[in-house]
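Before anything else, here is the set of structures, which you'll find just below.
Look at the two complexes coming up: chain A is in both, with chain B in one and chain C in the other.
On to the complex of A and B.
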């Protein structure tokens, strides 16, 4: 790679010959919809109909889910790098917004970053129309190790100003704002809940040869592949980190995985992580305030009304990615923690009922 | 217990995108301003005669990249009725048909430019979603602007108030005056220029008291996208040609279909590629059309369907839209 703080090495040196790898980077932001009650299906559809004439995907099982059309944005800027190597990328990022259960709102933005390619595409002479044929791909000029890019993306704060690197978070945040500002919403959420940020990267398996790649995000069903045809998709390694109160990072090493499925998995994980984080926060607050007497904390009511039934882990996750959920359940214990929280809330509810009965008997 | 493969699907969860019939080539037989049709300053027979020498079957088969025996080509004319239309279809259409026939040409479809800006009726009403207001609105929402170097997504994309360009504009006068020191003029820059810039800035629309006025080059871009069969509204074809009877034509263009099919054995209206044979004076308009087409991202499902069908038909087809559009510019 390039000298410290310097620019990219020219593509085409001996080490890069034929070596092309893709890294999927993305961010999901999750929050509580700014509305006093859950939206009906037509309302939810209208809120995420973000482009005239384009279809909204709606499903009702196991929980109602509406997804906006994919939105494309052109970018031309350096891509992230932990070492500070500056490599220019040109292409597009894809975003979409979704509503779950008419209650939770998510925006997600991703891009497939094509590293180490050669030829006119990455040298910057292809017309812009070329980049619109493969929406959601950013072609990078020069050489940048995949791990350097991934570390840079997951760990570095992004900003504005000349020479600033790709800022998927800003694209994602604006989309979430756009949905929250929909005139259909009354701007009165039943309780306050923080947004979470979930950044993810998908890297090739460490042991696979250079040149192996993922399926194109734009062609979920056509089986279009880049590089040699991969074996049925599998996941080699997953690292999930709760970085701070609102930021989580996920790093997946895998091969032959559909990018659309990976984005869907990350949206699902982000949703459940938000549920866990939010309910945990409310329960912690209630525990402090629980002053005996068996009265149900007023904060718990909206959680029972609006959130408890939304927990449906891995409902929309493809089979090849189920091991990721299973692994996270085993290590991070998502469902165990959720059940423990729900159990505590139910106990409070039971206690408050008993207290109420006691009051009545007196 | 044996494992059972369970596949669960919900039809509403997947996009349904309708395919439309496609010819190999859509041939536009010239374009005239409405004034020229009104004042009769153009000898229409001679005009079509010059076009005919560029649209022989061998030439068209070559351009479509298919053997002549397999060629499906349809011809069309776009009537310039958006700005003003002092004469109606009952006058213009028979005149065009007769002049073309005298040059040995058959017009299969006649479209009106105002249809590209007119409200879209019908489509999507059932789906409960708001369809695009007009074809022009639909296409504007598909624009993904070619980003200037340094654009990293941290700010919203610059909104140009109805303008689209192929690079970075020269800094505005106001910005220079705001700074105390005199700043030297800086040229505009074309993105990925080939050595030197050919900077192009195109007006897409202008707000007027009566509403938004779409520019001629932008409506011409909508026209090209219709001819390329790339526009859908909620998965349905944005426009479907309507049969008309040349002996029973309306007197106003609003009563005329957006795309009218004349009687005959015309091939499908939309095509893998287009050819427009035009006077050289339309070169700037078509330059703007090509630039705009290069910044339009159509529904990926439609794009993929078209490429897959071309592959099945063994028709070589470029993935980039501007490369599917051909022109012949005639001298005076």
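On to the complex of A and C.
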């Protein structure tokens, strides 16, 4: 199913007007590239050239980044719902894969779900051609509140369970597998790392709630509310939750935001969350194992060699969405946690150098 | 690394030994996952002391359903949350991940098709990306599971991943002959692999044997034997050694040997330090043998070409 055009969903609007509302749902999966060294730019480009004849987007700064063309997949199945309401959706989802620093691999899949629409979409199915000129949109037949959809999507125990409900995670995981299976890769990563799953939704601003409820529930959960008056390109509220060891959820309420940039933001957040998760895991292991004598644990070396320099928060995030990063920095403290991990690793490195000097003097 | 556990016969100790090796590798800080590909009799849940999946997982979300294509991914159980042995709770400090992909309740052997091969290959490659050690417990004999394993490992995406084969057998004439046959005989692992496009020498180098439930004539277990019995045991052991060497399954391809253990004889379970030192029901030699095996499984030197 390869519609031409590619790229992300057209810049659209998550709005709530006249009983219609759009909800953007998506998932990003992040992992370590199955290769012993970082890929060069041409190699990275070849790995994500997933559609013949379509361009791979490459940028070099601040860190090398290669993005596959957009891939369209047709879907016709019920959409998720927390209450169990069964509403059919028809349309397409968009996916893309990217490599960062020739080291990290991501796949992301998203769709703009159009709720409560009247007319042809509801009364009967539109021809497929309609869905193909609006790639990345799913029209839902029947009444389904936006929050019901969002909760169902974010909180489903696993996106890999049985059932015929729209499963963006499965599409995304499959794409990540496809990239990792590339014959260009030697399948010898310098260390093993878990993949993470980052689910996100973008909902319309809740005008009544905006500026009020400041959810505050523990360190793993950060809710941030922005100014009271929704204006174009405006973020009202952000909730980030570390749901389990590998699943994170992000719920944004906003208006007038470009969907392309929201997807980009989520990919960037997912990337940094993966870095944090992975380095935290390695450091926790090294702390327990610290053999003393200032020897650098063998687990730390690959992290120093391959990951530390990739941290470049919000490098590809647009102006209008910077408040989301800032809010997360303030509450979840991404960079603070990162700095403290890097500090610890540097100390270990210094200690091991001193120990080495001591050995030499003896 | 992907390690396939095979045996010609059932009841050799393949599953019990592999589960214990998985646990010990995880305790040695490695990230380990265990796939129960013994579709006819999935016992890993019971051996790992996870009651809820003692005979495989229910509800159609296990490996069988995944390979068939009815779920997008098979269930993964974090064993540190599920093993019902107090000594392993909370998760031991520094332990790696230990994850079980259970087989399915009421499952059985099934013929394989191309899509199944694709799914299997995708799953194994993904697990090899996330785990240092992926143990696949295959059904006994020349089963569909073994065919599937040989098929997927010949695929380009898995050819680059290190894969190793362990053949488990008991220390008797029949078992030695059967194990040699499974590895090197007609329609055996090496021959089938070559037919499926594997590099013969490379595959040959990646096969090792594990002897299970081996009576050790010099152990205190046999201290009460009559001198005639002890002599006979020694003699038989020596004969079996010769037979094994003749059949090409001698010391040079031996990865490890697990002694006959009173606990394992009575029950399929994990052997923990407490079983040896506190409860004093399992033998310390068993524990040492399992540790050695866990070391060697991941030690490249033990798998050097001959």
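Operating definition for what follows: the second predicted complex is superposed on the first by the 312 of 362 C-alpha atoms of A that agree within 3 Å, B and C clash if a C-alpha of one lies under 4 Å from a C-alpha of the other, contacts with A are read in each partner's own complex, and residues count from 1 in each chain.
The rule is short, and it goes like this: a residue touches a chain if its C-beta (ideal position, glycine included) is under 8 Å from a C-beta of that chain, and two chains touch if they have at least 3 such contacts.
Source: prediction; values computed, not measured.
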Quick one: classify A:192 as touching chain B (first), chain C (second), both or neither. second
Look at A:247 in the shared chain and tell me whether it touches chain B only, chain C only, both, or neither; answer first, second, both or neither. neither
Name the contact category of A:155: first (chain B only), second (chain C only), both, or neither. neither
Just to be sure I read the superposition right, which of the two partners does A:180 touch: chain B = first, chain C = second, or both, or neither? second
Mind telling me which of the two, chain B or chain C, contacts the most residues of chain A? B
I'd like to know which partner A:312 touches here: chain B for first, chain C for second, both or neither. neither
With both complexes overlaid on chain A, does A:349 touch chain B (first), chain C (second), both or neither? neither
Would you sort A:170 into first (chain B), second (chain C), both or neither based on which partner it touches? both
Considering only the touch criterion stated at the top, classify A:238 as touching first (chain B), second (chain C), both, or neither. neither
Contacts on chain A seen with chain B and repeated with chain C across the two complexes: 158-160, 162, 167, 170, 174
Chain C to chain A touching residues, read off their complex: 29, 31, 59-61, 65, 70-73, 93-94, 96-97, 122, 125-126, 128-132, 156-158, 160-161
Which bits of chain B are touching chain A when the two form their complex? 8, 10, 12-17, 124, 127-133, 137-138, 141, 144-157, 166, 191-192, 194, 232-235, 238, 293-297, 299-300, 303-304, 308, 319-323
Touching chain C in the complex: which residues of chain A? 31-32, 34, 158-162, 167, 169-170, 173-174, 177, 180-181, 183, 185-189, 192-195, 285, 288-289
Give every residue of chain A touching chain B within the complex, in rising order. 42, 45-46, 49, 51-61, 65, 70, 72-78, 88, 90, 92-93, 124-130, 132-133, 135, 158-160, 162-168, 170-171, 174, 218-219, 222
